[in-house]
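The letters A, B, C and D name the chains in turn, as written, and every chain counts its residues from 1.
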């Protein structure tokens, strides 16, 4: 299992390097009869493209997606949806000098070791964040599956450069309409300042993204190894730059007491499910959804490409100093936000299909 | 993919409920010729059994494992290793009254929803932590594979009830020899106090476990979706009670700057690899191992079974009050420590096999 | 993927050697709420045990199966069904002399090569036909899933030692009630003769098994690689001794003309489906079921263990002569019949689950 | 698992309909450092394109393949190889009239049932033989992996329209240089006659393809479910039009005696392996390769598109008569020959990688 596929009943397989001809993917397992057009994918892709909210590179990729199969007369046919995005704006020469040197904080050295010294060093090759565009396109299709069940997935930035939005102030529902895809309007001024400071210091920033899925039915996720929490952790930690994952109260739960952390169940309301008195669990118990909102947070490390001199070595093991010029984002936020949302959509849609299979034969 | 298997080239499939006849598993993909006996598994299982360090239940399961196949004359044969552990100490009557009521913080409600009202409610059934014994047994075998490559995996408790061991004080190497599997001797007094306080308050505690893998070769892990960080997150988040995962600096990296978080590469030492100036990355870059120590932390929520009255509902949706008597641990720590170590071993051994396949045909 | 698992949504993983402590398996993905007890499995296992119809060994394995998990109060719970069968009648000493010599027609040499000279040589170890008991037990559970949809799977012997039952004479529905699990009463005398002749000659026989699945809904199977014909071929060819597979007219279709081989569609009858004028396709078109009966035939090679002197070599490459004594069947028929039926049930039930997942979200 | 992927360590995922924008695939798991260029793929594709040996359609698809990723400076990089083939010569209007009617012998009805009445009916859509071009392209890459180990895979036609080439006359090594990819020069005249007769009768032909793999090391294939024979049967039966598979003597083995069918082992020759006295087993024992040639035969049904009036129904269940005009092959032979060869290459390369993983850690 060489690592470029994700999911079971809904399965995404991707290809593509930063500076090759194209990137793209195949999403297999989409049920027939779903209304779908290229614009559905493009809408999400446009949220990931450069120029989002002050931290992003000026590299201008149109990121125009083409659906190659699986859709006929505006409907999915149940066959695999192939799609591709051409790479149009490569300045490969920018990277030529980096062929011999490992950039600190990047995957240059690890790919070089993994693949016996062979790698497409241009722009990070396969290790470039560019591959995440394919995830976003596929996640848009997964989102369409979810919307048939009224499930919605929101995501937004809740911390940047160490400056956090208080839980009570977070509004993920409208984050995509704000700069930085911020979960609050009020924080934007403070974030502008920390971004400006980083830019002056030739430095970069990390942050935290929060994801919320609503209207998720109870019962999704499988026992033991494929708990939905485990699948989500896999999905989100597979996005470059993510170094931590929390579900519900996460690390705070580790400091809590049982009496504080348990979510009491209250008599069921008219709509069928129980009412929980709180949601410390983040919508998941025993790895299976409770019907409450699923809440996840992802820690995003600072972009490793900085325009300061850094110590490193070349492929012959000699000491070098490197200063990375070129067009780089100052933070993975906000462009990572639609990527993390997309991965969440893929997991939820896959679990929905899995549960549908079993329910159909339950007595 | 119904959720009871984990891994690719080294693949564990498990079965068993808390109060059924037995629990057990099949570990497929173990290379032939590995020296292995039942005691190798039992040694690890004994670390997970009740009575470890003051927080654990008095339920006395001998947890004796029997290897049923795949080993001949003290060596693995390359065929699947089946093994089982009989359930001998069930007091099922303790649980009879819970058949109708959902315990807060447990998977009772979610399993009931998932499986159309059908569940083995005795002791949590499949959702019980008892299934983790099977993971520990399999992890012991994975550990033997790793040891052929000199890879060692350490794990220990670094925080309990909110009381943490400072990073500089952590000694994971000897944690299994201490009470609580603590990463430091000095903390034990403080932990005894917080445990005693929880016991008095009929409450339970959470904590944090740290894992460190050493001598891991550079190059393990796959690009994009099966980054080793993603596989580890999947593995560890699949353990009940885990609500958060960090690799390297984790959430602290989100508050760091690129200039602080990058690990500089220094000229290679005599043993072949580069020397890194720091290890903020936790031994993983671009999802692939760097050759540095892999560092992971897991947030463990407090045990939800508390001997205090809690609000809940029954399966008919009526309000109930429940007080959980019986034999329950006060914290998942320390018994969860060997479980998390086992899952780490399974991931590393699987990645090792995957990389071996590719390297053998690389030119 | 080390080879001891089969299926996707319904997934069987097995373990066990001929002369180890036990053989067994885990069937994962069985929907909750299915009525199931040990006798359901035992009934099918008894058809596979020695002493069926004149060709079988006198080795007396009770083959008593124990369900270890996944069933509670007579119903499946949706969690994995673990089960085991103890090995009770091993005469391992019979095999000791074979530790050094490769039996012609057996897997001795190939396992020895695959596993670096390490193998459990007792009774063929993992390569023994004994592992098929586990398939039969799991197939019985799959058969229960199918029966909820009125799907029935029949199997019977249609040729033994070169003596075939004419197509017009085949009655698979009652084959299990006849000696040899023969598809016709009339053939039994002729088969008795050819068996007696083989016994006198210290020789063994091959034959052909036919399988028929009825009431299979149209639409099962997936496009391209997981055509149901491909999954069935995989399943059946994985049974030791099977050397050929035909669907519908099979090799005869290769000699037919398009005008002869096409099955015309006639106006649909009252029950919804079309009526086909013939069934040359064996119930599968484009890899997807048509709703007609699925028809498959499997070529079964003669048992390689013969009591005649044979040329071979030992593990040091020296020429040897070997005469295999001991208790061996004269033909894989009839004991292979329930095994092939079981594999067919596993494939059909898996495809049924897969289709249920997609249909539930089709519009 | 929705069915459009094949393989484990070497995994092909494909997309594309007959008359969509493009068809293509992603081959994941190719080791780094393999010399590869587009011409390697094109060479094999050209063998599959129309105009091969008298039975083929005049539809002129250039079938030009483009590699989109995974190759850099003429070498594979270890990352997934994405590739696509544009669809350039569609006469979709030819098919418009078939939107409402099910062609006998085609997958029209089964796809219509599977996908709730939704399908891309143009040219068979996903069920068209056009998807096999993607298999051929991927098989070419697999063949390059095999060639690093000196493994060669030959394939040729041995029977057409019921006229067979005797086993002693078969020369698969040079089949691709002959019309019909025939395994003998002498048969071509007879095949020309039967083809001409079919053409006059507006009918189509079936046939048999034989595959031979040489220099395959002993030890490939996994025990029990993933026997290499089972993987090959899966791979080959997944090709549309294949209705039967034989390994070695196949159905003839069913009529053989054990004393005839066993291949004796003779003292090992200088090159390490034993010498077998015969190869009835087709190079596979217990599902694992013996080191002898692997021999497989595939029964190929006649093309269902015939220019004769046929009875069928429309999507409303009404009786219709259909005569299929348009550009259709008279037989799947010879164009299916490179497809079957490609699938064999994919299986062998995957097994080679799997075995490499295990061997590397065997002691």
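Criterion: contacts are C-beta pairs under 8 Å (C-beta built on N, C-alpha and C of every residue); 3 or more make two chains touch, one makes a residue touch a chain.
Note that this is a predicted model, so its numbers are computed, not measured.
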What rotation angle superposes the Cα atoms of subunit A onto subunit D, in degrees to the nearest 5?
180
So which has more C-beta pairs touching, A-B or B-D?
A-B
Please compute the C-alpha centroid of subunit A, do the same for subunit D, then give the distance between them in whole Å.
38
Whole-Å distance, subunit B centre to subunit D centre, using C-alpha means?
45
Cα-centroid distance, subunit A relative to subunit B, in whole angstrom:
25
Hey, what residues on subunit D touch two or more of the other chains?
1-5, 8-9, 14, 29, 32-33, 78-79, 114-116, 118, 126, 223, 354, 358-359, 362-363
Quick one: in the complex, what on subunit B touches subunit C?
1-5, 8-11, 13-17, 20-26, 28-29, 32-33, 66-70, 72, 75-82, 84, 114-116, 118-120, 125-126
Can you tell me which positions in subunit B touch subunit A when the two form their complex?
1-6, 8-9, 12, 14, 102, 104-107, 109-111, 113-116, 118, 126-127, 131, 159, 161-162, 198, 201-208, 218-227, 229-238, 240, 242-251, 253-268, 274, 277, 281-282, 284-291, 299-306, 308, 310-313, 317-319, 354-355, 358-359, 362-363
Under the touch definition given earlier, write down the residues of subunit B that touch subunit D in their complex.
1, 8-9, 29, 31-34, 78-79, 145, 148, 223, 352-354, 356-363
